[in-house]
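For reference, the structures are reproduced in the following blocks.
Here subunit A shows up in two complexes: once beside subunit B, once beside subunit C.
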Partner chain A sequence: MRHSTIASITRREAIARTLGLAGAAAMAPSALATSPHRKQLLVLFLSGGASQLETWDPKPGTKFGGPFRAINTSLDGVRIGELLPRTAKIMHRLAVVRSVNSNLPDHEKGHYAIQAGRLAPGYPVLGSAVAKLLEQPGDILPGYITLRRDGPKAYTDTGDAGFLGAKYEGVRVINGLPPDNLIVPAGINAAALQTRDAARRAADERFLRTHARSPINGYGTTFDQASALMQRREIFDLKAESPKDVERYGRHDFGQNCMLARRLLEAGVPCVRVVHFDWDAHQDNFYWHQMRCAEFDRTFVTLLDDLEQRGMLEHTLVVVTGEMGRTPQINNFGGRDHWGRAWSMAMAGCGIKQGVVHGMTNDLGTEVKEDEVGIGDLFHTYLTALGIDSSADYHLNGQTNPVADPAAGPIKAVLA
Partner chain B sequence: MPVSPAKSKLLIEHKHDVPLMSCVFSPNGRHLLAGGRDSGVVCIEVASGKKTLLAGHESWVGEMARAGDDLVLTSDYTGCVIAWDCSGELPALRWKLPAHPSTVRALAVSADGRTFATGDRDGNVRLWQSGDGKMMREFIKNEHPIYGLALHPDGKRIITADRRPQKPTIQVWDISSGKELLKIEVPELSGYRRVEDIEWGGIRSLTLSPDGSLILVSGRAGYDGPATTLIYETTSGKLHRKLSSTLKGFCYSARCHRDGWVMTASGELAKGEFRAWKTDQDQSLADTATAGPCTALDIHPDSSRFAITQAIGKGSYPETGVLAIYEWQA
Partner chain C sequence: MAGAGLSAEEVMPLHAQIDGLMTKDWAAAKITPAALSTDAEFFRRLNLDLNGVIPTPTETREFLDGQQADRRPRAIDALLSRPEYALHMARVFDVILAERRLPAVKSYDVAGTAWRGYLAESFAANKPWDVIVREILASDGSDESQAAAVKFYIARDAEPHQLTRDVARVFLGTDLQCAQCHDDPRFDDYKQADYFGIYAFVSRLSFFRDNKLNRSFVGEKAVGDVTFTSVFAANQGKTDPRLPGGKMIADPIMEKGKEYVMAPSATARGVPVYSRRKQLAAQMPRAETPGFSRNLGNRLWALMFGRGLVHPLDLHHAKNPPSHPAVLAAIEQWLVLHHYDIKGCLREIALTRCYQMSGELPGGAEPPVDAFAVAAMRALTPEQMRWSLLQATGRIEANFLRTLEQLKKTKPAEVEAKLKDWSWRKDGYELLEKQSSAVIAAFSPLPGTDDSKVDPVVDHTLFLLNSPKIMELVKASPGTPFDRWAAMSDPVALAEDVYLSIFNRRPIAEETEEIARLMTSAKTPKARAEALQPLVWGLLLSAEFRFNH
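Then we have the complex of A and B:
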């Protein structure tokens, strides 16, 4: 049943909900001061679509099972692909969903839909939504930062803040470098910078007298966020990490971006997404997954260990997903193609029940057999795990939009 | 009796319930073994066509080679190598060893059959005794997956081919010292694309001419180019000939006939071919189209016949395999 009492989600209300308070009016500074640690979200996005059969849902010895074996995990009776040996040892800390049916065998549509939790265009993707819904007074860093290497396929950045506006757009960090123009050009001193900023603000104020506030506020926030990042450039300096730690994460793009993600979360960024390229193995799927899984396996476990040891996993939801799975059928180039009807994803951390495998595919892995999960269900689940009421509505610019697809709901079996 | 590379006749065609991707005749030529997308090894008695399945592997059987007078070696995706004694009525498992922790992508046997080499996905190359499967040496650790191996008939050199992004590379090594003698970069067989940061192409097989003077490496010319075999001079590294098919796909296998010509087996998504070539001509002598991609070939020890494996299915998804034996005509 949908909640009907929430008229709109403002910054204060969102926080109040996150804290489980009755309403914005009930929130006092003292409540914030005694609040639990702020919830955070980390999305590890396996872009291109990882094969469920080589990862979370192996079917060795079957017609489409591929050449790899399944291995035992730390969870009794649960086996995963042998390409994830380290992950197998921490399965008791994860929740895996083996029954995702997005029915979207398409990169661009899948990227948007799996992140927005619905097919209809114009909605904020998960990172932007969470940035909005977990926003707190005094936030100065961007609410959502997405990390990837350069040269991605066009679909990678599909979707962002939608109707939430520019303020909640993901800030893209490419190759671990701070966003462009973060560093003040040589020759511009602090006084000159201050003068420029004052001129910009004055122009904004004049414009606001006759125009809607929202876009201008968004731009103003962007400047403020850029300014805040300027002050925190050290976050991006991975040289501050020991060589041993750099090695632990892996020197590849994904490893280094995951290390940076941890630093951003530590700095207080509510939502970080790391894109792991590229799982789109239309040829040589098995060679490809050997390479990609080796990167993922080591980095993922290192990251989870670090988050746990630092006490961050208690308040950080970690989501591992792509935009789709891969065909059970293996093509003549040894590849697996796009498949949305039966695939897998995983979660860990805040709000998630540990050691759960939810759903089941049939013997060949071609269809979901039990506990089918849709993209909307996943979106509800993420928000619920983060303590957000996923049945709430956005009320913006005179429009009402549900935060998550009302036709879907959270997967209770994986929620703590 | 000399045979014509341009004339061949289908003798036997066996259908198998999974796509096939490797094959080899036994040393005495009595049996033909094939492997594919399951853990079984198909064994065909050449004279009678009788088919038997050999059990022992735990995963797809990707590589095969003859060793000496009686052995066939087979390797699988889990890194396991099995030696089959082919001197009897049926091949019998002589030894089985976990040769590598990852997929064995290349397997080669010395001319005298006493030594063999394996190369894996992680770039490891190891040397072994064929008779008992005992490891002789951890030869090299390459940074890139090994996709081709050959032991030179002089007994002193080993040739490796890797799947290095952008520059698939052939290296000739001195076995005793482990020193690199020659390095040949083969960018023409690269299908690297920065967008995925993956080498889509690379060298897919390596073989030597019978006298060891030529190195043949096969693959695809570029990301979406034709099936291609490049022939290099072993001593100088100079490109001797480029054998380029019209088929847009991969050349998966090349074999040298004792009379000096070359056979290639190639495939694209839904069809395949095999061709015969002279090493001093750009155009093939003969080409035969096949229903499915040709994934491997081997020449019978008596040089009168050859075998081809195929993957068969509707469109781009193969569900079955074909193992065919052809005979060259005079």
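Then we have the complex of A and C:
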């Protein structure tokens, strides 16, 4: 297994790579690809809840099927919604689960539970958990960065690091803007900054002698993260991308955020999440899904192609999910409502078996018929795909907590 | 009830009860608690918890040099009687009650000064919690004396589902959200019928904006029944208003056409003759309502310890019991016996040895956070951060010095009274609030997140390192402590003043040496101020400042 060499990377090499002393962004992609690479995670979160019937699990011609057709894909005998024509051509590279039963027809709870892999509150979400579990000595950039446009309903940010603490909290990049305050203020000289930072470090060192407490270490980490972000702020700069590439990803927030996600992964950020908003189609579901799917389809395939060409896909797990699906029943406004009982999600890349469709719903799409999958099972699957022992425990602050719900387990059929 | 038949005074004081119970729990868990805090540790923590800000160097000196054996209880009483107590509690309960939420149209919000003014007045008068809650739930924005209390509804757009969830979370400590769609599979005690029982109290409410008066109100209809269906089972239910564990309250039969004091229309909010909202205000804030007293006790504990005995604060249920059930029960019982005396309860908690413990670890290992066996290490809340940055950099004292000098000139007879008047102090703070809004913006979590869950993140640190707003505070400008520091040529005296100002304690030898080294080549006041500036900034960035410990 090529990834086993990760352990042998020296601390100095790891720092050099994370900091990109020569500027990782300026490095040829192939140069990055040739060195053995740590595993990474990319979550594409379809916030509001995409309709499984208009995407991965179409039921054309049935009572609740809606107006769209199903189309053939690159996988024999597998058809998906016609709104995803480009995705259909790369189905042989994906694993799709059509039998998710999360039982949570609610945005806020769904966002938390799907991302945390359980209902119990206070746990880290996937990005934070993986940031912790894949942490390596010498890591300086934040372990988890989350990208979205500004929106009134930011419940995607629910939960985050939970008991893991500040160090693993997702750093928010909103509207593609890098975090605020990345530049040293004008009118202060380097010597004064040095005195300031030395005074802080000396004070913290003295305080830690008597107060060796975990929140203080967490706070100290935010200074390392801040300095890494300040040094590497060019990774947020999409102006470095060619106009042709900007066009390929799409000139909309999801497209641009996916391009930024690729840059961040290349720069060595272990976990990145991109939120695609406005799937909550209680009215005019079919019109909305035409628009949402058009954005998603092109960008998703572009992104996967890029990750593959750059040799990143084999060490990057890509997860496509929302917080729930949408009701088979079509309401009086032509909408589909909140639904958690039988819906779909997809995965690709690191640790995932290609060209698998797992599970099945009944003819009307109202119930799971075969191979039901719960939110805990999905969480186990993500961790296992990334080479993490999902039966392990966190030991923190005198408490022991399982990394994944012990009552669930990985879906073997979708794992490579 | 242990206190049955006895007057409140005959029972062991609450602080002694708590210490006895905690000691028993620690022994059972084989945990060695931390030693008693130093005076400096205690005084800083107490100021942050009861007044929301670190103390001034003068106050700290006075306390540390005090010789009386009862200086701690005296300090507790002094801080509880200051106007700053009321102002701090208003900020704290603004966050608890409104959770930094804003209505969909931000300009329709209740004016922040009016809302916090209402709360400050309530806490200055030590209004019992049930009275405050009753006023908040009863206000529709019209009664002048309590108009601002309508903020609880307005911040949530008077949206019935949001209100249902938050009435249960904020006032009863239970989150019924999952029970909206089905009986919550996590917890046996969250029933869909409970959710809709509360929902029925608020389902007839709606937000109403009076464009002529430029004010927001809550309107209410006289009709509308609540039915619900589980998404799991085919259960159907119909419910009248009902509190968890209580009885349904049926509407009285109204004569047709006489249901309204004011019928709802495009230009008028509805005011029914019989209001279910007023029923909620009358029925919920009572000791008989399960969770009402416990929730207050738990939230007051969390204010003093940064974490609830039940944690998270809004998830009390059978599978998430209190870490120290007897302690919570004792506080709950005390609150009922003392008619929800918030100030008195905080006083009792502050008197416990448990509260007055050191933040230094006993024997090296870190005990579990829910053992409360060592002083909690909690990040300053956004509000504590704002006021403590302003205090450490002398801005609060300078601001009041200016207005006080003016007052001494114009109305010398009023000086004494004004100093004790929370509303006079409030006006003084408002100016500072405007100047420091960037701190709140940088440190506030998302709406709906309670402060006990706010950890430092990299965004906060970047703000403290690089924001031009921080530069303004740490600049050696006139009218700040830098004037005083620049004039001190003795590094020992200087180090003491700097450390008392920022860390609220005296420096240790190596800290004095550090300052002396920094000052070796700085011989003029100007040079001293310049040399000191980066050090002061460094101390403000340190963990000792960033945390309440």
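Odds and ends about this structure:
As a convention for this text, the second predicted complex is superposed on the first by the 373 of 416 C-alpha atoms of A that agree within 3 Å, B and C clash if a C-alpha of one lies under 4 Å from a C-alpha of the other, contacts with A are read in each partner's own complex, and residues count from 1 in each chain.
Keep this in mind: a residue touches a chain if its C-beta (ideal position, glycine included) is under 8 Å from a C-beta of that chain, and two chains touch if they have at least 3 such contacts.
What you see is a predicted model; the values in this text were computed from it and never measured.
Once the complexes are laid over each other on subunit A, subunit B and subunit C both fit without any clash. By the touch criterion defined above, A:Y287 reaches subunit B but does not reach subunit C. Contacts of A:I330 after superposition on the shared chain: subunit B is touched, whereas subunit C is not. By the touch criterion stated above, A:F68 is placed in contact with subunit B alone, subunit C being left untouched. Within the superposed three-chain arrangement, the count of touched residues of subunit A is higher for C, of the candidates subunit B and subunit C. When both complexes are overlaid on chain A, the residue A:R172 reaches subunit C alone and has no touch with subunit B. When the two complexes are overlaid on their common chain A, residue A:P243 makes contact with neither subunit B nor subunit C.
By the touch criterion stated above, A:G77 is placed in contact with neither subunit B nor subunit C.
Closest CA pair between subunit B and subunit C after superposition: 11 Å apart. With the contact threshold set out at the top, residues 152 of subunit A are in contact with subunit B in one structure and with subunit C in the other.
In the complex of the two chains, the subunit A residues touching subunit C come out as 103-106, 108-109, 119-122, 142, 152, 154, 157, 161, 165-166, 169, 171-172, 179-185, 187-188, 192-193, 195-200, 202-204, 206-208, 210-216, 218-220, 222-223, 225-226, 229-230, 341, 397-399. Touching subunit A in their complex are the following residues of subunit C: 104, 177-178, 180-181, 185-186, 231-232, 312, 315, 359-361, 364-369, 371, 377-379, 442, 446, 455-463, 465-468, 470-471, 508, 510-511, 514, 518, 533-535, 537-539, 541-544, 546-547, 549. Those residues of subunit A lying in contact with subunit B across their complex are 48, 61, 63, 66-69, 149, 151-153, 253, 277-278, 280, 283-284, 286-288, 290-291, 327, 329-333.
By the touch criterion stated above, subunit B contacts subunit A in their complex at residues 18-19, 37-39, 58-60, 62, 76-78, 102-103, 121, 145, 163, 194-198, 200, 249-250, 267-270, 292-293, 311, 313, 316-319.
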